[in-house]
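Here chain A shows up in two complexes: once beside chain B, once beside chain C.
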Partner chain A sequence: MSQGRLHKPKNLLMIVMLSPYLLLLFLFGVLPLIMAVINVPSKSPANPNGGWHVFKVVLNDFRLVPAMWHVLGFMAIFVPLMIFFVVAMSLMLDANTAPWKKYVRLAYIVPACISGSVAVLLWYVLLEPTLSPFKGLMHWMGVTQAIQIWRTSNLTFILAFMAFFALAGQWILIQFGSLQSISTEVLEAARVDGCSQVQLALKIKLPLIRKYVIYMGVLVFAGGLQIFVEPQLLNSSVYHGIANQWSFDQLSYSLAFDNGNFGEASALSLMLLVPSLIGALIVIFKTDMFEDVTLKSGRKMKKEAQAREAAQA
Partner chain B sequence: MSIDFKKKLPVSVAKPKRKKRKVSIGHYAVNVWLIFWAVLSVIPMLWLVLAPSKTDREVSYKNPLSFASFHGYVRAWKNLQDFNSGVLARWVFNSLTYTVAIVIIASVTASLAGFVISASKIRFKKGFLISTLIMMLVPPVALVIPLFIEMNKVNLIDNPFSVILISSLYPFGAFLSYIYYSNTIPPEIYESARLDGCSDFKLYTRIAFPLSYPLLALLAFFAFVGNWGNYFMPYIMLQSPTNYTLPVGLGALFFSTPAINPGNGATSVPILKPEIALAGILVAVPVMIVFLISQKRLIRGMLAGSIKE
Partner chain C sequence: MLVVATAALLGASLVTPVATQAAIPSITIWVDSPRLPGAQLYAQIMKGKVNVNVQLHAQGDLVAKVQLFNTVKKGWPDVVFGPPNDVAFLKNPLVNNALMLDKLQSPAIWKAFGHGNDWCNLNGHYYCVKNDLAQTVLWYNKTLMTQFGYKVPTTMAEFAAIGADVAKNHPGYSMGPLGDQAAYSSFLESSQCPLNVAKSDTVVVINAKSPKCTRVSALLQPMIDSGVLDVRSPFDAGYIKDVQAGKWLMNVGPSWWGQFVLRPASSYNVPAGQVATAPMPLWAGETKAYSGEYGGGIYTISPHSKFPKEALAFAMFMVGDVRNLVTVKNPDGSHGAPTYPAYGPGNKIWVQAVAKDTYYAQSIVPALDTQAQLIWPGTKPVRYDANGAWGASFATDLAQTKNLQHAIEAYATYTSNAATQVGYAVVSK
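Coming up: the complex of A and B.
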């Protein structure tokens, strides 16, 4: 009893220390979702009487299907390319014992600093036949005018490569880091058993870093689905109209800020949140990435301790 | 003896030599590919760093990876400073102040949260951790429109506090802190300190905090990298050019000057490709320096402590 009484004020102080983060989590993690749900049935020109059938209105919007095809095409290139390339590169880097490896790793991190508006600037230059550092190669391939490259039909590929180039390097290093966690005994045993480098990579290392690859896959998928900055900047600043409402987020932005239709924008945001949430739940509960959190709840730990005590007795 | 040894030596060396050659062909191809990708990774940044040394005409006609003169940087910097009554200095100041404020608030709140979750016996610990993980894995862009609606309701649109407060929610930092405190400070230390009469707040300030300098460096690193170049949130929340951050300002230079799109028409001060590249350097280079210095921290941190060393 006295212990319980003693614990109460202690926990109170702990809760006070936790409250700044908790407040931020509520205000900017939970409350926006509540506000979005409240906003969904609000009246708008497309939904003059208001109501929950705004989801249907969004699904029938003529701009949604093209945006869906654009984003699906982008994801179909970007996600597999990222996964295969990053895994292959990190395995190659791990198998390499050359002393210059550390400099190569430093170089891989450089594109990660180029994001958002700087990425748009650089890709404009890289793919502009008069400015590009690769203009010799482009001219040799018959590309001499910007119009040959900067077309809406090419945008899926351009944006997929932009995203791939920006993210691949840092993920190579992260997966390389995960490969360092494999015990040397396991690798030695495999080598003694006659494993070649390729067999070692595919049959030993790859299964051991599976959860990190899934983690990357989910983050890459969820991030890719929300592509906005690059097509928006290309459309508004570089080539007007090239990527008008090209992605889901651009459509959501346009609904909110061009049409003032926050009900539809909120509905679309909530619909887009679902795949990201599913991805997050898969990583949390269906992989052992965060098993310390998902398995070791207080009750389970207590049971484990009791079992240990019983065994000792 | 010595003759026998010498006779055997070439034989014993010859065998592995044959093997070595087999391996080296594969290694050679892998090495070439690894170096090729490294060169490819650096070329765009190299262009960005070298472009302001040239004039606008030289950017188009000179070798893209050539250096012209240091005077080019001075000229581009002066032009940028004169643009729109020196608004660039304001963008740099805004980026610095917003990022510093975010780094401080985010790191302190996340560190406290991680400590409380690892050291206390409060209820709903698992629920709290799972909600933090969900927030960590859902891309922040997904909540931008709902956040705009919320900020609009409390009249914080076009107010830097909207960006600072929203970006200070740092679920990744809270989770990283939880892992760090759980792995580095055994619960027995807290228990004995409690027996000695330490309050929970003193547990943090006298035990956990002095042991968490590496964690705080890691938290500050990720908060800085994630927010210095952030475009979307400030772009949505801030409307006056005087409130812009550097990345949003760079975007504004794209659509208000003829640097990239000649159709935009001339500006009173020449803002052309060298000037835009210099503004790009101001956004990209600080992140690059931090990245290069803290490469190992990035790897360890991104895997959220799930790798045991």
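Coming up: the complex of A and C.
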């Protein structure tokens, strides 16, 4: 309706605003993709003649299936844990009206400052029965040796918790921010109607930030699929070999930089693009995530809320 | 360490004479931190003759970086210190980063290495310079051995007999860890168990069921069960804590064990005047008491180097010059190269200094010298990460099952897969 008239100038503005992004997308997204495709048939010491059959070789690689189970196991713990915990904590933070709320918010961000390489060292010390500040507890539970904790089969859990503590704080604040954008009128109305704090959180606030939760889910999923730094560091500097080609990205890295096999590394990277691409397409076309993109989308939420109120009335 | 290194690097670049830069050769060197003081000293010595640009790198850096250099066709360092297994990969024609060195120096110098540079001799040509030998010997605590009334074992059966007695009469004392590469270098290689025996660039023998492997697990399993041999890594914080309490009796370990593992206060912290070495115990039915090798770095020279002779001269300085072997000052206050030099003449200089070291109960040199000539020649460099696989499969499996043969077979399965993946045919003999 009124949007139709604004289309033309808006498009021009849109292109101007998009161009820096498009440039970066081309340089760091499309160009590497083209290079990967070109690299697939390249020669390597393992494959002296090169060729497109490397896709098949990668699929038959003895490390691929273990890597898949590692990453899937990691995601099965990490993604739901993140979504549940972050949503719960941000709803509680939003409900809490105490004056020390801002300090609590600060506290959430602190673990997020310890990420990547530092987190690996921190968790090594925390979970090493000889060095840990909790060694009393660990010994009481019968854990006295590092190999009871630091073994490949436990890494799914350890890395999931490591990633959770590194990322949860930031997302709690982001979701807290999205809760702030909910109109006070809606919340007032709900309270007047006798809504309890719990009902307010679960029945009013949660549906209104649903989109942000999905958005978080997508990003957390994409990030989890690409897990690399933590297992790589564990493997190279804490316990040599504990996470050899543990994740997809590590396998791809190892193919390229340990074996000099850029063909197989590119083939694997291209295959890894598929699930992410499908995920992105589903989010774009099968959800209303990217519909009516206005900053903070507060206005739209207000509209939705008004519509809801009207329907309830 | 990094701060020191960076400061030193700055120092090295500041003293570079800018005016004469074009006229004199210029080489770039990559070394790890134990090799850094020697490399920096070399840069100082060569000032005015060769511009030496010293860079600090982790040991394993070259294999990864050379892929990038090959892609952009520039940036290769002239000479690099790296792990021994790298040479098989670097000499591959498609990687092309290990120059054949035969003709760059006189045959007399190559001959002076004795067996010291055998590792670098592939298909009859030299592709690297071995920095140090990491031959295993029997390290033991002389004080405790006397106190317990044990004779230093000369056969593996005697070693196991002591193990049985320790378990019964002195429980808690350790005869060594098996994790990481320790089991391989200490026992499997000395028993000639074929796990990485490359017959050519494309054929490798991996056979965990060979009698030379199964006799190892048969002999050691009771010692694992009784706890005399530890399934943890030698560098495991828990194991270190256990032996720090004066519980280290002996272990089969490489030449660098005394300086790097037994001596430091943060490591096993064995007091001065107790540590001694003996030659390797002999396996039943053998005539030669072979050593395994745990580490022992190499210098490779890039075929892209404009000054390969100058690059090789640096490697020879590191393995043969008294200024690096004995006098250079290390950041920890010690002097000289930390490991057993592979080059005969250099080695003679080095052992004289080490023989005087009062930390040891007696000179550790005779045993090291004996075993330097007896490194099992079966293990060869391969293009897959045979060393990383000890952590990835063997150590994990041993820690969980505590069954040595099972863990050896897990390793064999893993490396067979890894070898096949990079184009080797795996055979059983």
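Here is the rule we use: the second predicted complex is superposed on the first by the 243 of 313 C-alpha atoms of A that agree within 3 Å, B and C clash if a C-alpha of one lies under 4 Å from a C-alpha of the other, contacts with A are read in each partner's own complex, and residues count from 1 in each chain.
Everything below uses one rule, namely that contacts are C-beta pairs under 8 Å (C-beta built on N, C-alpha and C of every residue); 3 or more make two chains touch, one makes a residue touch a chain.
Please read these numbers as outputs of a predicted model, since none were measured by experiment.
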Original post:
Touching A:G241, do we find chain B (first), chain C (second), both, or neither?
Top reply: second
**OP:** Determine, under the contact definition given at the top, whether A:F78 touches first (chain B), second (chain C), both, or neither.
**Re:** neither
Original post:
Thinking of the overlay built on chain A, is A:D61 touched by chain B (first), by chain C (second), by both, or by neither?
Top reply: second
Subject >> Which of chain B and chain C A:R151 touches, first, second, both or neither >> reply: second
Subject >> Touching partner for A:A256 - first (chain B), second (chain C), both, neither >> reply: both
**OP:** Quick one: classify A:L131 as touching chain B (first), chain C (second), both or neither.
**Re:** both
Subject >> chain B versus chain C, judged by how many residues of chain A each one touches >> reply: B
Original post:
Both chain B and chain C touch chain A; at which residues?
Top reply: 130-131, 239-240, 256, 262
Original post:
Quick one: in the complex, what on chain A touches chain B?
Top reply: 7, 10-11, 13-15, 17-18, 20-22, 24-25, 27-29, 31-33, 35-36, 39, 89, 92-93, 95-96, 98, 100-101, 103-118, 120-122, 124-126, 130-133, 135, 169-170, 173-174, 176-178, 180-181, 197, 212, 215, 218-219, 222-223, 225-226, 228-229, 233, 236-240, 249, 252-253, 256, 262, 265-266, 268-269, 272-273, 276-277, 279-281, 283-284, 289-290, 292-294, 297-298
**OP:** Could you pull out which chain B residues touch chain A in their complex?
**Re:** 23, 26-27, 30-31, 33-35, 37-39, 41-48, 51, 59-60, 64-65, 108-110, 112-113, 115-117, 119-122, 125-126, 128-139, 141-150, 153, 165-166, 168-171, 174, 179, 182, 194, 199-201, 204, 229-232, 235-236, 247-248, 250-251, 254-255, 260-261, 263, 273, 276-277, 280, 283-285, 287-288, 291-292, 295, 298-300, 302-304, 306-309
Original post:
In the complex formed with chain A, which residues of chain C make contact?
Top reply: 63-64, 66-67, 70-71, 89, 92, 94-95, 180, 231-233, 236-238, 240-241, 383-385, 388-393, 395-396, 399-400, 417-418, 421-423
Subject >> In the complex with chain C, residue positions of chain A that touch it >> reply: 43-48, 61-63, 128-131, 144-147, 151-152, 235, 239-242, 244, 256-262
